[in-house]
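Letters A, B, C and D mark the chains as written, and numbering starts fresh at 1 in each.
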Amino acid sequence: MNRIVNNPDFVVEDMLKGFVKTHKDIVSTTEDARVLKYKNAPVEGKVGIVTGGGSGHKPAFIGYIGENLCDAVAVGEIFSSPTAKAFLDAIKEADSGKGVACLYGNYAGDNMNVKMAMRKAKKLGIEVKTVVANDDCASAPKTELEKRRGVAGEVLMWKVGGAKASMGGSLDEVIAVAQKAIDNTRSVGIGTAPCTIPAVGHPNFQIEDGTMEVGIGHHGEPGINVQPLKTADDIAEEMLDIIIPDLPFESGDEVVVLLSGLGATPVMEQYIVYNRVEEILTEKGIKVHRSYVGNYFTSLEMMGVTLTVMKLDDELKECIDMPANSVGLKQF
Amino acid sequence: MNRIVNNPDFVVEDMLKGFVKTHKDIVSTTEDARVLKYKNAPVEGKVGIVTGGGSGHKPAFIGYIGENLCDAVAVGEIFSSPTAKAFLDAIKEADSGKGVACLYGNYAGDNMNVKMAMRKAKKLGIEVKTVVANDDCASAPKTELEKRRGVAGEVLMWKVGGAKASMGGSLDEVIAVAQKAIDNTRSVGIGTAPCTIPAVGHPNFQIEDGTMEVGIGHHGEPGINVQPLKTADDIAEEMLDIIIPDLPFESGDEVVVLLSGLGATPVMEQYIVYNRVEEILTEKGIKVHRSYVGNYFTSLEMMGVTLTVMKLDDELKECIDMPANSVGLKQF
Amino acid sequence: MSSFKNADAGVIVDQLIKTIQKERDYLSEIDGKIGDGDHGINMNKGFTMCEKKLEGTTYNLSEGLTTLGETLLEDIGGSMGPLYGMLFDEMAQACEDEEEITADVFAEMITASVEGIQDISPAQVGDKSLLDTLIPAKEAFVEAKEAGKDFAECLDAMNAAAEKGWQSTKDLVAKIGRASRLGERSRGVLDAGATSCYFIITTIGSTAKSLL
Amino acid sequence: MSSFKNADAGVIVDQLIKTIQKERDYLSEIDGKIGDGDHGINMNKGFTMCEKKLEGTTYNLSEGLTTLGETLLEDIGGSMGPLYGMLFDEMAQACEDEEEITADVFAEMITASVEGIQDISPAQVGDKSLLDTLIPAKEAFVEAKEAGKDFAECLDAMNAAAEKGWQSTKDLVAKIGRASRLGERSRGVLDAGATSCYFIITTIGSTAKSLL
């Protein structure tokens, strides 16, 4: 095991300490050790944006705390939902009285903990509404959208929701646009090597060398199929063949593309895949308004990439183009 | 091999295409396919900043093209120096008539190619001066500073030199401050797993599982010794024990710390190491003015981290604190 | 006796803590077969934290259950935190105003716990989860009571149904949780959550019976 | 004859290209032992690019060498680009104004090439690099000439010294380049750059001799 850690049971605690030391210009700690907040949160007169999830996805989730992004984040153990208390505390930290939009991903644990937190928030008189990201095409058929997992599309959901809140949107407006964002977003992942949770010490799933798992989830959830590893160009095509008909994206559409590495795949390779992604989209008459390439949503040192495409309208474009300042996404 | 590439002989070409598509807001291509430039370069009345090196170090080198950073970068094959022509063309693209500071790392190939480029630049009447980064403590004893390699300290050298040039510094002033930056910077790397050049197909060096190589270079150059893998805290201490006495850094100093992953080591682990680094520095009375943690200078999917510490004076601090906008480093 | 005192029944919570601590490794072992092998660790962590909070205090049943539920909700994330947190919290609320825990009160406690869990989880009987233990146990208790059985007999019926429900998970294909990704491969082994739920229900049942 | 015409000697460049193409795999094989196994690939890439540029054109020796040197500098990075680029560039410059290539001119060519390389590389004889071939070859040529030998005899001396210098690298420990990181483990195999330099020098020597 080539992990650089101390006690593997306390990697999240140790990581948070280092994170806060490094980014005190953006984030601050709260009374709850499992909640970090934007240093200016709650922002007066603004709807609060909350998210949360298991650890191991750097820069997600805490890396998206910041200006025009998330106000507070609940932090779980590696690949495991934060507690209901952490979600509740994040909600409290984010609320300035205008309500809180909790924008998170569709996983059983997160769903239950958010529900518990919302019950308690209601008692405290805090209005909370949710958008549950379900952008992963590979996790369920189109007829069961509500079963689909949330993956890197969450970054775009936070970007859009965070921007709307900063523009002065009401809770309903923020929820509506974040929901629109995720409804117009499709993702798929390709895995080429597994990852190891420090406290476990061995990979909790396998991907044979020379093969790739199409549709893999952010925790190694199995995908659509396992194939011999293809070229970058063919991988780009394979991913778009899943994503494009699913929404569907059509000639004349304008889109945002987010191509993220899963952790250990060199960014060089991500640009190689992205190059072909943009070529194919262009061939199909789909215009790339903006693209993000890099490690935006990872799974420890898993290898592979995820591709996320979001169809824009004027409102979404305005939100995507708004400046933002966080650890994971800085945009002027 | 879990590489996501097309023809392994053309990874650099393919990567550059994807990079330019993604970052056209910052970089642009030039007539030389192996030179990228800041879209506004040459910046009128400003000393040009040039660097270059082998590929595979994302976001270095091209990720540091941008506002108040590098104006043009020469791009080599994976882990191999760019051509003399590429360095020359980068120099030409960066020159606005005020001369060019070529700030690069101490490797035989780069030294020779830069020298050749400078001969030709001289014939064209372009004034070029160089600073050769040699921040890697582990690569030669202190008595042979001129043999030391340049590693992640180059990022700080570019930051400082780029800022000075944007502040209106003359070529001599830019060179002086960049030289001061690197003279006050020490780095060391710890490797925990090797990397594979796509065209080679197998790792070109070995690090046994459960061991770490202290002092490893950015291409797997062997370090000081190989040890059983330590905890993150002990690794932090081991690295500082090499760095601190070398300059030496002393109580009362203010420093910038850059902790970079080598590629596949999760950013979570980097924060864990950083946490202890800052603790130790604080214990020693050394104040961290600013820190950078993340994949700032990688080696494909090598595992491990490099630690870089730079001692500040007022001039260096002013340069480090200046805003910058590039792919690899965005600072407001 | 047909009831026991809330004030005397803090011991039920003590026994729950002891049981989970004792079964820690077994629970992880079962989870390791088709899950990620941490169920015992997760449960033990939560119950032991609760033990620490209760240490040196006096508490009746409803207070003990409240602390247990809150601890799970506050300190254990994942799925177990909210599921068992809800279970104990609802049980506690259903008896917090009662001095005497009668069969009627107990029926309300276990019914409330099932409803609470169903409020946050879409899991159904047959999905291979703790509900395969919990729901039959609740139904057996309620049916026995409606059939006019006394409290002790109801508890026996509940315990027997819990065991049967637990064992039923062996032949099920997981439709929920981590194991669901294994499809057919999840058949043939017991479910970890159903196992911990079996220990929890039968510990409550046996300890309650001893108080009658 | 004691000289040959610059105009007739483009063939030297043609022979250099053919030699490197022929020895490509051997050069990589040698580099693979203590380097990264790409020396033949790097050299072949540069020389074949030069071949393409020269195709369909006529060129004398200095023009051919200029194109070869420029191609290496422009298209081959790493260490080989500047080192051999410099070597051929300096050779070309030393004869570009000469119609006749005499022993004196040739001595200047090879001397300039050594000086050019030393201008950019700190490598010394004994460091296990191409200089272990090149410098003895140059010295042998110059000494033979100063001893009054004719051009052909000087070239023979040069070729013999090149071979001896090349073979000397077998017992050396690398002090420069990639292999230097192996320390003692770099002893016992020939140096890749010294090998390509041996092929280059002896191809120049033999072809030049055939033109006399």
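Criterion: a residue touches a chain if its C-beta (ideal position, glycine included) is under 8 Å from a C-beta of that chain, and two chains touch if they have at least 3 such contacts.
All values reported here derive from a predicted model rather than from experimental measurement.
In terms of the stated touch criterion, chain C and chain D have no partners in common.
The greatest centre-to-centre gap from chain B, using C-alpha centroids, is found for C.
One simple way to say how far apart two chains are is to compare their mean CA positions; for chain B and chain C this gives 57 Å.
In whole angstrom, the spacing between the mean C-alpha positions of chain B and chain D is 34. Rounded to whole angstrom units, the spacing between the C-alpha centres of chain A and chain B is 29.
Counting only residues that touch two or more partner chains, chain D has none. Under the contact definition stated at the top, not a single residue of chain B touches 2 or more other chains. Working note: touching chain pairs come out as A-B, A-C, B-D.
Of all residues in chain C, those touching chain A in their complex are 36-38, 73-79, 81-83, 85-86, 119-121, 176-177, 181. Taken together, the chain B residues at the contact with chain A in this complex read 1-6, 11, 14-19, 21-22, 55-56, 58-59, 190, 192-193, 207, 209-210, 212, 229, 231-233, 235, 263-275, 278, 288, 291-293, 295, 298, 300-301, 303-305, 325, 330, 332. Only residues 54, 76-77, 80-86, 108-109, 111-113, 115-116, 197, 200, 204, 221-222 of chain A touch chain C when the two sit together in their complex.
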